[in-house]
Every structure is written in structure tokens, then in C-alpha cells.
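Next, two complexes with subunit A in common: one pairs it with subunit B, the other with subunit C.
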Partner chain A sequence: MDQVDFNAPHSMGTTIIGVTYNGGVVLGADSRTSTGVYVANRASDKITKLTDNVYVCRSGSAADSQVVSDYVRYFLHQHTRIQLGQPATVKVAANLVRLLAYNNKNNLQTGLIVGGWDKYEGGQIYGVPLGGTIVQQPFAIGGSGSSYLYGFFDQAWKEGMTQDEAEELVKKAVSLAIARDGASGGVVRTVIINSEGVTRNFYPGDQLPIWHDELESHNSLLDILGAPEPMNI
Partner chain B sequence: MSSIGTGYDLSVTTFSPDGRVFQIEYAAKAVDNSGTVIGIKCKDGIVLGVEKLIPSKMMLPGSNRRIHAVHRHSGMAVAGLAADGRQIVARAKSEATNYDSVYGDPIPVKELADRVASYVHLCTLYWWLRPFGCGVILGGYDRDGPQLYMVEPSGVSYRYFGAAIGKGRQAAKTEIEKLKLQDLTCRKAVIEVAKIIYGVHDEAKDKDFELEMSWVCDESNRQHEKVPEELLEEAKAAAKLALEEMDAD
Partner chain C sequence: MTKSLDVPPKGGFSFDLCRRNDMLEKKGLKAPTYLKTGTTIVGLVFKDGIILGADTRATEGPIVADKNCEKIHYMAPNIYCCGAGTAADTEAVTDMVSSQLQLHRYHTGRESRVVTALTLLKRHLFNYQGHVSAALVLGGVDITGPHLHTIYPHGSTDTLPFATMGSGSLAAMSVFESKYQENLTREQGVKLVVEAICAGIFNDLGSGSNVDVCVITKGNKEYLRNHLTPNPRTFVNPKGFTFSKKTEVLSTKIIPLKEKVEVIEGDAMEE
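Up next is the complex of A and B:
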């Protein structure tokens, strides 16, 4: 078996999702960062804060997406605190993201979903895929795991969901993708953004639904090793 | 009214003993001696009006515009040295388009006013630059509603309900104060602005003038544009009528 190169570029195989609902947005992601077949981080946080009211889901190259987020956070801070004096709109945040993604398209490999809430337009989701397009959507999916979710969303998505319905949808979708995509895994993290603020949630394996052919997850080796069956030698 | 700052007024980088920068005050005089410019913020938008003094009968009506569109949602009326005004408008346009390219949203009027004011102020800081000899009334309609700002040659910028600069500003301000701006729609305001400008125009001192007006309001779809032809004619007629009634007394 070939030696695993721990210093190879870290990629987030990933499943990322952003969904608008009646009152705000729900962002969701898995937590697997992989280097080849080695899972470099099984509990990463791919939903990153840009401002108090705007977050971004990161996919693709971990480094590229982190750097883009850092720049946008910096520019937004200048724009908001220093110039404007009021929270940035989601559109402005998404536009800054896409300017970086587009103008550096030859050197970057990251797909992003920007989601947030502002007082003018309410909850909004903007997809910024690989080439640096910006498109506002009622919901957006991204990352390698998203391939398995297009049909699911066609059937399950509906306009004007409640907050609970939206979060359930996101949780279900990410867990479906994790079941089928080797590059997605770990836990499901969600971030809910609305007029009242931001709520972060965390769903480890045992709180997620089991799909066809999946094995039940075990949180601790003690569960497995705790009660061994007697061996018949 | 004015005091001579002998010795302390030769450079914009010199303070007088009582803390004044005379060059900036002299720049303001250039504005005071130009044709009146008015801006008012009504219920549903902004109306800008200019008393454009015509120096020669050979000039084509509609030329030498004093009101300029800065962005789709905002416009600027200039009083004072026209060439200086052109510079400020060019800068404002550039700031507005740059903001739009970077942030993906039309520049908030407050931000635009800040940037124009900073630029005007910049030119009062160096001895090798002279201050702008013009004042600007900036009106725009953004997400926070219609807003009116005035930028003076010193670089100071304030937000107003109604503003007037130029020769007839005192009389104009008095007239504006009489209006109930919260209840006025832009359609009615156009007529009022025309009346005010015709009213403050001094027939004796100045010759002909042309009335130039623009608005940004709900009716114009929140875009800055020239007041439509028929409304402008209606306003001029009403203003002339009002003048005659005044004279008849």
C-alpha cells in the first residue's frame, strides 16, 4: 500500500447546502477534509462567518476557500465598520466573493455558497461555483456530494418552508450525500440565520437517519469493545 | 459680512489668528455669486432646480447643463465655477461606478456624499491646489429612501430637507421653509421649486435665465432624470402666473 502523503493539498470533498425559508436561511455541510484517501480532519467546520449576518459554505481546496473567506471578511469589515456603519447586505458579501473567485479563476479551485439575512431583502442564498459566476437561488448545493442530491431536491424542495422544515431538509440531504459520497462524511453542521441572529447546530452520526445498506454508527470504541462475545476456539 | 484677512489669506494652508482659513471662505464667495440652486426632499423623492443665468442670447437653450446624473439613482446640481463643478461631477460618477463594480450594489447616497465631501476637502489641504469654487447639491434615492446632501467648498457635507445656494439663497430658504415637505409629492414640488426660482430671480441685476430641473422619485421609478417636458412647462407657466400676481399687488 502506498504511503499516505500527509502534506499533500487538503481538499474538502464535501457536501454543502444553502436553503432559504420563510424568514431566513439554513446553511448545512458535512465535516470531512481529505488528503487523498486519508481523512485529515473528520470534524471540520466548513461554514465560515463573513459578518454577523452572512456566512459562507466552503468546498473544494481547503486552502483556497479559507484565503478567499479571509479576504472577504477583511473587505467587509472595512466596508461595514469603517464606511457604512450598518451591517453589510448579503448581496454585497456575495459580490466580493465572486470578484475574487472570478479574477483569480486560474489559481483557485473552490466552490462557495454565500448565505445570510439582511433587513432589505431578508434571507438570501448566492451560489459562487468554480468559474466565479454569481447566481442568486432559493436553494443551492455544492461539493462532490451534491451530485447525489439534485434529484432529491427536485422532489423535496418547496417554497416557503418553516425553519424546522428547512433544517430537517438540510440535515436529511447532507446525510444522504454522506452515505453515497466517499469524500463527504463525519458530522452534519447547520447554521440558521434570520432576523433574530445566528444559531449553530451540530448533529453527530447517531442523530442522523440510517439509509439503505448503511451500518449504524458507533460513537465510541467502548461500545464495540465493551461487551465482547465469547470466542469459540 | 466679510472681513479682510490681510496677510493671512494668500494661501489655503495658512490659518488666520482667529482660526479661519480665508481662501476657503473666498471660494465660498464664488458660490454665493452664482445663480441660485435649490434642492428639496419631499414625501416620495427629491427635486433639484437651477436658475441658470444666460450670459449671451447666442447660447442654445438646454446647453451648459448645471444638473448632472451621477448614477442611475442620483443627481447633482452645481453652483459656482462651472469648470470646477465638472470635475466634482466626474469624480462622483467615478466613485459611484467603482462602488457598483466592487460591491455589486448602487452606492448609498450617504456614502457618495461622504466621498464627494472628502474629495472637495482634499483640495483644501495643499498649497499647490486651490479649493473648488463650487458648491454642490446632491440628491439621490436608495434603499433608505430619498436623501439630499449639500457639499460646500470647505468639504463640509450635511444632510438636508431643503437646501439653497447661490445669489438668491436667503430668499429661497425662506420660501422652502414655508413648504410642508412631508406632505408634498414630487409632482407638486416641481411647481413649487419653479415658483421659488422665478421668485428669487432678480430681473434688475441679471438678464435672462433658463430654468433647469430634475427629479428622483417614485414616479420616475427611482431613477434620476430631467423633469418631463409637459410638467416643466406647466411649472414655468404656474411660476410666471405667481409672479404676475405678486407684481399686481
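Up next is the complex of A and C:
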């Protein structure tokens, strides 16, 4: 029988997305963290804050990505508060991520998407995949679920979308990936970053569109049948 | 371009012996067995704080080495940590971080925070890249409120309202997923934790014996050791144990302790 391996590294199967629109960026992710075939956390938050205006989507090894974002948050804090005196630019944040990812490429296994807004260049998305490359893109996708989204984005991506269009696109894309990728699941989280600030949104399964062959979700039968007799000890 | 370095660059842990051990194991050498805590450990957040629970079986391969071990470790007066995985690793890492927290308390003059313990533990575990096999459920109540975290051997952490770890985690998680609600009372919370641990004890071979519970609230903690003992010894010899041969006393020598130096009340130390 296939034993659940509890010493398997905690990895985030994942679907992560970052999209620019006319005014800022929208970051999106699923919420499943798996240890082998067991779902260790079904409601994790893969969009982590680096500074007030820059967030990063994490994928790959949970430990590696958490440590990298902790270090970058620390460096950016020193850079902003102590040296610069004004909010860090997205480019600086993304390059700090890239330096850590590239220089430790033999020991790290994490793909990241850095997105944010600053007053010089507006909304920007930088992809930092496995080897430590840095590439600025109008939209970026990553994680195991992204394989199912390349065709979708080729068709659905448009230049100059509004905030609502961009968020709808991200929500739709993550839910499509969740439908097809076993390692992605849970809820869809989005973060919108623009000149006004940051908005976090959360879409549980029943608020997502239904795709081909999917069934409508309904509450657990326990709610309908009534709770069973509590176990007497 | 880069050829493999034989010397670890400037400090950091050297994993060369880990590679050598893997190679020997592949060649057929049997590694020495170590004590694992098969384990079911759980934690949940209730209305007033945190409840942690654990079973008490420690296994060495297929044998139960300790029928009543303690898996809920003290970290700080307001923070406790359940440990699953290799018993030595969980003991050592929780002891180490507990000492570091005490030094930090002396240094800052404040009550320890759960995120401090969390960061110290995750840094240590990440530095050893998963070779320190300790999977922990850390819970406590500090000035910022109640916190519950899970920490995996590779150094990743999750923050959750209810968590289970160990070989019995699937059994315990099934209980939590069906019955957990927010804002449980203390009685409901303890009952749910006991149910989850019992699910692990009775359905997982690596967990067994008794249930330990620890309730932490603001300013107060209760460590309920052996809160439930659903596995008592059924057949106990009524005669009890007698050891036939007593240890022989060969000779006796008594040396009374005499005062050699008289201790005088000295002056108080002056700056």
C-alpha cells in the first residue's frame, strides 16, 4: 500500500499568476500545499508581502520559498527604512530575489513571481523561475498548474485591461488550472496593487465558475443530515 | 564552468557524511535503528487560547520502546510545542530553542512571543535541510493573541486554526475537518482534541497508549499529563514483582561531614 511519506519535502504544487493592467498589477494563486500525496495545508497563502507595495507569489519547495522571501523582506527593510528613505522600487525587490535564487541555484528549488507598483514605472511583473533568471513580462505564470494556462493566456490576454477585467482573468485562470492540476486546489487568493494601495481578495470554491465535467459544490452531508451523536468516552 | 568543490565554502553545515551514509545504505549496510515517535499530535485554536494534544507511544521500528513518553515539550511559560519524528531530534531542538527563548526573555525583559519560537525553530531546521527530522506543532498565547503553527522538517511553516502532524495525522485530521468550529469553549475544545488523538491511537499503528492535553490561555496554562488513559494494562499479576536475590552488602563505612571552614556573613558586593 502506498504509504504517505511524512518526510517528503513540503512542496507547493501550485498555480501562481501575475498580470499587469492599466494602473497596477493583479497577483493570483491557489492555496494547496502538499507533502507527497497528502494535502498538508488546504488554505495556505502563497502571496507574501515583501514591502507595502511589492508582493511575491511563491511556488516550488515551501521551505526554500519562505526562506528566500524572509531574507528579501529583511534586505528591503534595511534598504528602504535605513538607506533610501522612500518605498523600494519593484525592480530592486525583484533583483534581490533573483540574486538569492541565482547564487544558490544548486540548493534552492523555488519559482517566484514578483509584482508591485512604484511611482517611477507603475505596475510591473518580474518572473524569477528555477535557475534564477529575471525577466520582466506583462504577465507571468508559474507552478505546476501553469502548464495548463499557456494556451489560455495566449488567447485571453489583452494589453490595457481594467482592474476588474484583470482580476476576472486571474480568477478564471487559477480556477481552470485547479480543475486540471492535481497539485493545485483549495481557494483562489488575489492581491491587487496600485497607486492607491493593496487589496486582498479571497474566493472559495463555491464562488468560482464551473467548467466542463465539474460538479456543483454543496455543503457537507453532515450539515444536512444533522451532526452524529458525539463519541462517549 | 564550476567544478564540484571538495571543501565547504566558508562555514555552514557540511553534508558530506550524509552522502556517505546514503552510499553505504545503498551498498547494503544497515543503519542503526533510532527511536521515532510514530505519533499523533494535534493543536487547535479555541475561544480563549490554544489546546495542544498528543499520544504517548514511542516506537523503535516495530517495537514500542516507551509506552508513556512526553511529546508536549515546554518552550516558554506561555508556549508549548508537540513533536513528531525522531525523538532525539524533537527533544534536542525544542530544548535548544527553549533555552534561547529564556536568554531572550532575560535580554528583553518581556514575555516570549510565539513567532520568535517559530522563527528560531524554522531557521535551525532549514539550515539542516531536513536531516533534523522534527515535525512540530507549536502553540501559545502571547501579547498579540493566540497562535498555532506547524513546522516541517525542511523548515517550512504554516499558520492554521487547527493542525495535525505525525503518522496518525490523517486519522486526527478527519475528526477535525468534520467537527471543528470557530470559538469553541474549553470543554468542547478539549473533547475534540481528545477525540482526534483517540482516532490516531486506535487507527494508527505508530500511535497508542494515553492522551496528553495542554490548554494555554492568556496568563494561564494547564498541562494535563495522561488526561485520558484508554489503554490500561488488562492483566496485572496480583502478586506483584519480587526480585529473588537482594544486592549483598559487603562492607559499610560512614564518614560524617565536618565543617572545615566557617562561613561568615560577608559585606554586600559593592559596585
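Points to keep in mind about this one:
Just so it is clear, the second predicted complex is superposed on the first by the 217 of 233 C-alpha atoms of A that agree within 3 Å, B and C clash if a C-alpha of one lies under 4 Å from a C-alpha of the other, contacts with A are read in each partner's own complex, and residues count from 1 in each chain.
FYI, a contact is a pair of C-beta atoms (placed from the backbone, for glycine too) under 8 Å apart; a residue touches a chain by one contact, two chains touch by 3 or more.
Not measured: the values here are computed from a predicted model.
By the touch criterion stated above, A:79 is placed in contact with subunit B alone, subunit C being left untouched. More residues of subunit A lie in touch with C than with the remaining chain of the pair subunit B and subunit C. In the superposition on chain A, no contact is made by A:180 with either subunit B or subunit C. In the superposition on chain A, contact of A:91 is made with subunit B only, not with subunit C.
By the touch criterion defined above, A:49 reaches neither subunit B nor subunit C. Subunit A contributes residues 4, 6-7, 9-10, 33, 35, 38, 40-41, 43-44, 61-63, 66-67, 107, 220, 222, 227, 230-231, 233 to its touches with subunit C in the complex. Against subunit A, in their complex, subunit C makes its touches with residues 84-85, 122, 125-126, 129-130, 133, 135, 150, 152-158, 160, 165-167, 169-170, 178-179, 191, 194-195, 198, 228, 230. Interface residues of subunit B, counted against subunit A in their complex, comprise 102-105, 108, 111, 114, 143. Here subunit A touches subunit B in the complex through residues 79, 83-84, 89, 91-92, 94-96, 99, 120, 134, going by the rule given at the top.
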